[in-house]
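Here is the structure we will look at.
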Amino acid sequence: MRVVTFGELLMRLSPFGQARLLQAEALRAHFGGAEANVAVSLAQFGVEATLVSRLPQHALGQAALNALRRYGVDVRYVARGDERLGLYFLEPGAHGRPAQVLYDRADSAFAHAQRADFDWLAILAGADWFHLSGITPALGGTLPDICADALAACHALGVRVSLDLNYRAALWSRDTAFAVLTPLLPFVDVLIANVEHAKEVLSITVGETELSGGEINRARVQTLAQTLAERYAFSAVALMQRNTHSASSGSIGAMLWADDTAHFSRTYTMQIVDRVGSGDAFAAGLIYATLGGQSPQERVDFALAAACLAHGIEGDFNLVSAAEVQRLLDCGTEDVRR
Amino acid sequence: MRVVTFGELLMRLSPFGQARLLQAEALRAHFGGAEANVAVSLAQFGVEATLVSRLPQHALGQAALNALRRYGVDVRYVARGDERLGLYFLEPGAHGRPAQVLYDRADSAFAHAQRADFDWLAILAGADWFHLSGITPALGGTLPDICADALAACHALGVRVSLDLNYRAALWSRDTAFAVLTPLLPFVDVLIANVEHAKEVLSITVGETELSGGEINRARVQTLAQTLAERYAFSAVALMQRNTHSASSGSIGAMLWADDTAHFSRTYTMQIVDRVGSGDAFAAGLIYATLGGQSPQERVDFALAAACLAHGIEGDFNLVSAAEVQRLLDCGTEDVRR
Amino acid sequence: MRVVTFGELLMRLSPFGQARLLQAEALRAHFGGAEANVAVSLAQFGVEATLVSRLPQHALGQAALNALRRYGVDVRYVARGDERLGLYFLEPGAHGRPAQVLYDRADSAFAHAQRADFDWLAILAGADWFHLSGITPALGGTLPDICADALAACHALGVRVSLDLNYRAALWSRDTAFAVLTPLLPFVDVLIANVEHAKEVLSITVGETELSGGEINRARVQTLAQTLAERYAFSAVALMQRNTHSASSGSIGAMLWADDTAHFSRTYTMQIVDRVGSGDAFAAGLIYATLGGQSPQERVDFALAAACLAHGIEGDFNLVSAAEVQRLLDCGTEDVRR
Amino acid sequence: MRVVTFGELLMRLSPFGQARLLQAEALRAHFGGAEANVAVSLAQFGVEATLVSRLPQHALGQAALNALRRYGVDVRYVARGDERLGLYFLEPGAHGRPAQVLYDRADSAFAHAQRADFDWLAILAGADWFHLSGITPALGGTLPDICADALAACHALGVRVSLDLNYRAALWSRDTAFAVLTPLLPFVDVLIANVEHAKEVLSITVGETELSGGEINRARVQTLAQTLAERYAFSAVALMQRNTHSASSGSIGAMLWADDTAHFSRTYTMQIVDRVGSGDAFAAGLIYATLGGQSPQERVDFALAAACLAHGIEGDFNLVSAAEVQRLLDCGTEDVRR
Amino acid sequence: MRVVTFGELLMRLSPFGQARLLQAEALRAHFGGAEANVAVSLAQFGVEATLVSRLPQHALGQAALNALRRYGVDVRYVARGDERLGLYFLEPGAHGRPAQVLYDRADSAFAHAQRADFDWLAILAGADWFHLSGITPALGGTLPDICADALAACHALGVRVSLDLNYRAALWSRDTAFAVLTPLLPFVDVLIANVEHAKEVLSITVGETELSGGEINRARVQTLAQTLAERYAFSAVALMQRNTHSASSGSIGAMLWADDTAHFSRTYTMQIVDRVGSGDAFAAGLIYATLGGQSPQERVDFALAAACLAHGIEGDFNLVSAAEVQRLLDCGTEDVRR
Amino acid sequence: MRVVTFGELLMRLSPFGQARLLQAEALRAHFGGAEANVAVSLAQFGVEATLVSRLPQHALGQAALNALRRYGVDVRYVARGDERLGLYFLEPGAHGRPAQVLYDRADSAFAHAQRADFDWLAILAGADWFHLSGITPALGGTLPDICADALAACHALGVRVSLDLNYRAALWSRDTAFAVLTPLLPFVDVLIANVEHAKEVLSITVGETELSGGEINRARVQTLAQTLAERYAFSAVALMQRNTHSASSGSIGAMLWADDTAHFSRTYTMQIVDRVGSGDAFAAGLIYATLGGQSPQERVDFALAAACLAHGIEGDFNLVSAAEVQRLLDCGTEDVRR
């Protein structure tokens, strides 16, 4: 199995422990980015995963590339440039104070990518799947065009395509997102989104999808997925619902619309070590289970269990094996293994 | 708005992570002290906040002073001496084992402060508010006299005064506290205390104020506040009730008696990052909201939300802005902000 | 009071914070081992505690020895060898992912211990109690014989004996454990075990001992203990039941069968700082309370409170005093002590 | 004494210990910038020092501002903007491998400063000295114009002006530097530079100023200073010469041309803890000694001793007192002081 | 260019800073091993470098593999086993106390490698060079046979071979080394060794090769190399001489015998950050320069400059680029680059 | 061999790396004190070493006691009190800036020791040697009397006595030192001092003992020792001379006057990791070599080599074995041992 993803890899700088940025005398350096996270997660599952991207030549760009190599991602198609490395600062939250992301990614080597940097027919030769998130076109420049190039090549080569909506209000408005994403959606087989973004960015009117008490309104979520699937001819729509209790605890649930049926997963309530990247872990789990020929119910269960585990891993990358995801599905909570 | 506070600033030494003092190979250095914490918190809210204190000349005293400057507190009226810096060691707790404070503050430069060190009429000129906690007179020496000097100057200049009872059994007995505080109370406009200390130190008989299950007995707390207000002619009495579940979780509630009415805030149940300084954050929130002309209900809500957030900040200082307090009041729990 | 224990002391290497071994750039070094943990815990209670063991001569072996000395354990009877130091790597868990122990203890200086290394009559002279866990004979070589030597000496000298079953599937099969332990059990006064191991290793058929919802089936647990006590003529059987909610929270309960009666302790639900060594803390608490002449109910209460506190201490060693255990029994949860 | 400086404050991110950026899992955060460093150093000497600058509103910008406040710099005239905070990454060097600075400062809030941000007549009222380095105009945009505004105000108010040439090849070419700086130089009283930059940027032909063996050619350096002083009517020219032995050791010497005479200081050969900011420490020392009315020889001696000490301080800021500089001049090397 | 190496990769555990193992509360984890170090260094030079090895399946084995991938080494031919990961503990030295290596590598997955684990004709297809050090056969078991297999395949495929003598007294005696290495030497093109090992292991009598004062006796070193080249028909012999001043400083020199001529490099005297791996850096530099068609003088200069830089890099791996080595050769010592 | 020492054990708090106290966000905690350092050093040499002292009951006092136990010192005779633990802050120096000790030891449990705390005849029974430094009587209170008690007991029991002058200007004046020490000196067999203190505190006029260039004036140092030996009937006088090059390098030499002859050791020039405690290491080395029956030349050589190694150990304690001292004497500088 070979999966190709396309997106930016950033350096993430976050204070140690629970410190605020105001207090921090040192910052931990991780690397992450929506599509890179998907690629790393797939590589841990044993999939041949490629990140297509663009990074600066200098030591920080090389460090970012090395982080991908370390976890087994194929980096042959990462172009190199002279611009800066995209950064983001992550301040951990606490009770009553949300975690906070401060983007410092403008003018990065990735944002300056050009269509000529990527020969998609060569890159996608032999690929089984292509994954993209809404963040990549949101970065503007020629990136929407490059996404279109990639999707056209997927179409030509018969590569299946997933898109994670991944809406970020700090990057673009809902209207722009809708305008830019609309021409891309016909090329997409599997749409992944959280419930709120699916409703708002793609303008689906289904009413309040959350019941009082945080429970999901299953009927409305099903309607949402079905509407989307029909409108854009998606073969499947995966929706995740997140319920934040505090910066260190929350719950997640998911539904997969496939074969004209809604398949709901169980809900996980979790202590959170690191919230960032769990949506990408969900996407990777879904792609892995789909490529592995699992049933729709198994797919959504695997994807959500992967997302659950991602909350317990420091950094953006979901460094768990497929066996560990399966163990959570099979055994539930266990004492120390020794 | 200009607020003046008077108290000691200590260096706090605590093990990293969850280590016991017995295990610690290194100690984190923070700075804190009841009134200093109030000043820092007010400075984060944009108030012009002054700490009047006394610190040694040497490098540690300078480091303490610099910690105040860093967070925007006016240090012009900090006298300097040749004695030592007050210290305290803080051992974090765990389930079934309370956090523990080990004071090492005797003979500090502050404990040796003299009346001539402080020209209160000059210091308080232009001030809107003066804040003191019971810890300052508890340190003995000439400090009770200096407190009396300050309060007399407040009276002369029309500066409003708040006193946080802040009873510490390790510093003085209840009887001594009562004897020393009694002559100061007539100068106080707003009394701040937790329910237990208010009852015990000021000898108010209202019966058990906590219901089984940890709920507050609203009627008795109201009686307590009203009795205090009437006895000492306070314009307002703010009472906080703390319910400790374990060293890492607990809940807080509060009531403000003002305008002859009891205003109860909601209760917050929190994961605790750092318990120390949350009472001072409450005092700072109350002063800020009062000076800002908020209603009694808004005052107690703002003060308790500030105290809630303080549990999520490492160190004694409550490094949150007024906007962050307001966001908790307005939005409740939120996912990562990006 | 003098208590002698016999077992291996290993270096434990674990990542900082919540990192996986895959991510770790540094490892914290603690020392631990079932019987060593018991000895250290007893020394904190003021008992004269001796660990009999075998350690390499080199710097790491000396560091291990020093860790025992630091916490007041008598190390006069630790033999020294030329082999390696046993290690284990501990990866912290998270929600849905159990903590994991990776043993690297084969061929250690302890595994190569010889009968001539230990003069048990000399070692045990003046001892009140001897404690052993199932891990020591599980390490094979001549260790089962050495255990038999020690128990024979206890018998000769009238030293009371406790055995903690401490079954580790990674070290031996249930059948081997049963075969090797059976000849040792007649020398044992007090058996300590968790419920599952007691049933499975010693082949007691009592049915499911856990009710749905995680509650203990008291009648069956009592039957289990009574059956064991009768079969092997134990004067007491202490059973602990652990209920894992996640890698960072869980609950524990215990029962002591003594004087032909079952004494159940309360259940503690805890946030977990460090799970390893809590069973050893239970054993140490039981030995301490028994030697101190406490009643059966007091013994099981003290032992379980000690085990509860052990979950809040970093490392294998339960660095709490008897007074701290008693305070938990007397006061329950408290706010910061200052 | 009041000194005003104008320049950018950046966050500096550097690996711990001797790690390369390629290896770094965490970065230490310091703050620095040529003129900010001068201001901090002067504040440690007891001078009233002001940094005029522009910083973003967000948490990182506030952290930068707090770093200045912590060390006593007046920040009243720091404008705030919406752009990013300038960063630089500093990789420590080793034998045969120079330390390396990787700038990431484009598009910062400071680079977007506008003339209207600064009311120079108000800012400079009551100032005794204004200090600028060549880095500020090198950042382009309207910064050269703002520098011209400041210098014009200095001229109007009779404030003395020092300029540190501080040429950075990564920021601008020598030709551009010459073109932009030329109109500013007539406003400058004291020029500070290292010998190489003075020769190359200002196109002074004096031949090789370093003898084989690293010794300075005193006659040529004197000629260089004299030529500069005459060409631009500087009242004094201070030239520093640096001799790099390795990334962790080197030597420095200096000469001050004043009163038509060359005053040479001794040479210091030093182990280097942190090389960055030592030139700024020299400038601060020179300004301090000049304002204090010291003789030319004392000025250059004080400035170079300050620069020497700066090599032993972590971070850009030279956190030493005037007394410590004087002690080096008076006592030389000393054993532990206790 | 493609270079294949064969050897063990170990986890190295060393205290932070200057601590002794006796004091260490935490250990830094690096990965290293003679041939792995060569492969990593070559990969930094842009060479396609392969490490053939055997690692355990578990998390530590995977972490070791990931360390190679991170730095661009091809790991396709790393076999996986069930045994343990080889470890070594490195205690830093100080003045008068040498750094100390404590091996804990017995019974590792690599030591249990079997001939069937490696298909050398497939592995070496397309390779330009094969590198081995004496450590691999020193580990015993079937490793000498596997080395013979590899060398036979090199012979069959025309792949050039270098052997670094790398004698370790802790692993085998000189006699055993001589006996085991002798049948391998006819397959070797380039011998690399330090002067002492070359003399002692291969029993060459040339007299004292070091002059008083630490200078090398050029004539005798030349005789040594020539004798070796003639005896074993090496095309080249590279000898490095190390002069230890203290644990933190020393000097190195080297000579390459090639084309019947001795080519001596300059001597570097260095502050040492990390001494381990510098010999491997020398080997990698020599291979790189030889494959690049450089002259004998250039080869030895490049190799020694690479070794010099390795002393300034934390960990075993020489993380410097070919351009950085060349810069040292071209520019010598430089100030901060910015 | 059994050696008893008497003195205070303090907690030492020092910044990490090279930070100033002004910058420190965390402090490393070591334990040390002149006589405690001697005891620990002797215990590493295999001597049965006892520290007689007084420590607080609380967690910090226990941590101090544990530090002694960890390194094998007999702590049976450490009395416990309710006062505070003595502290000292150590700021590392750099080029041109000396390391600095900030004492915070007033009113410690040791300073409040009483004569009844120590039963010297019991404590010294079976001891071969008693060691004291001038710091203990310098702390005042009843400590000079307790010292006199101890020395009288030594006299009664025939225990040999060494006194390290260890003059600290921060603790007492030279006149007071002279007055307090004079009655103790007749009980002393071996006087240890550095040259300067010996001259100044004991008022010996011998002229300048250091030649220009830092060389020792052997004749005058010999005269000094001989004069002291004769005046006080010392059996031996050991004088150490320290030459500080910078905070991180220096040289030491020593002379032992014994058998009416001066025995000079070689001089060591060292890179310094941690300067504190090297004089105590010298004393320990001298005691060890004397008790071991070594010749005067061997004694001073061993003592100075021990002092040399102490400069390379973090913390006050000289954690080296006698074999390591001997290896420095026998082998000089060595490369990595593996």
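Should a chain be cited, it is by its letter among A, B, C, D, E and F, assigned in written order, with residues numbered from 1 in that chain.
The working rule: a contact is a pair of C-beta atoms (placed from the backbone, for glycine too) under 8 Å apart; a residue touches a chain by one contact, two chains touch by 3 or more.
Computed from a prediction, not measured in an experiment: that's the story for all the values here.
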Label-sorted list of chains bordering both chain C and chain F is B, E
For the copies chain E and chain F, the interface residues, called same if over half of the numbers are used by both and different if under half, are different
When each of B-F, C-E or C-F is compared with B-D, the one sharing over half of the residue-numbered contact pairs turns out to be C-F
Comparing A-E with A-C, the busier interface by C-beta pairs is A-C
Outermost chain relative to chain D, judged by CA means, is C
Chain-centre distance (mean CA atoms) for chain B and chain C, in whole Å, is 44
Expressed in whole Å, how far the mean CA point of chain C lies from that of chain D is 62
Check: chain D positions touching at least 2 other chains come out as 17, 20, 22, 25, 66, 100
Touching pairs of chains in this structure are A-B, A-C, A-D, A-E, B-C, B-D, B-F, C-E, C-F, D-E, D-F, E-F
Note: in the complex, chain E contacts chain A through residues 66-67, 69-72
Chain F residues touching chain B in their complex are 13, 16, 20-22, 24-29, 58-60, 62-63, 66, 84-85, 87, 89, 91, 100, 102, 104, 106-107
Touching chain B in the complex, chain A uses residues 17-20, 22-23, 93-101, 103, 168, 170, 242, 244-250, 275-276
In the complex, the residues of chain E that touch chain D are 17, 268, 270-274, 305, 308-309, 311-315, 319-320, 324, 328, 333-338
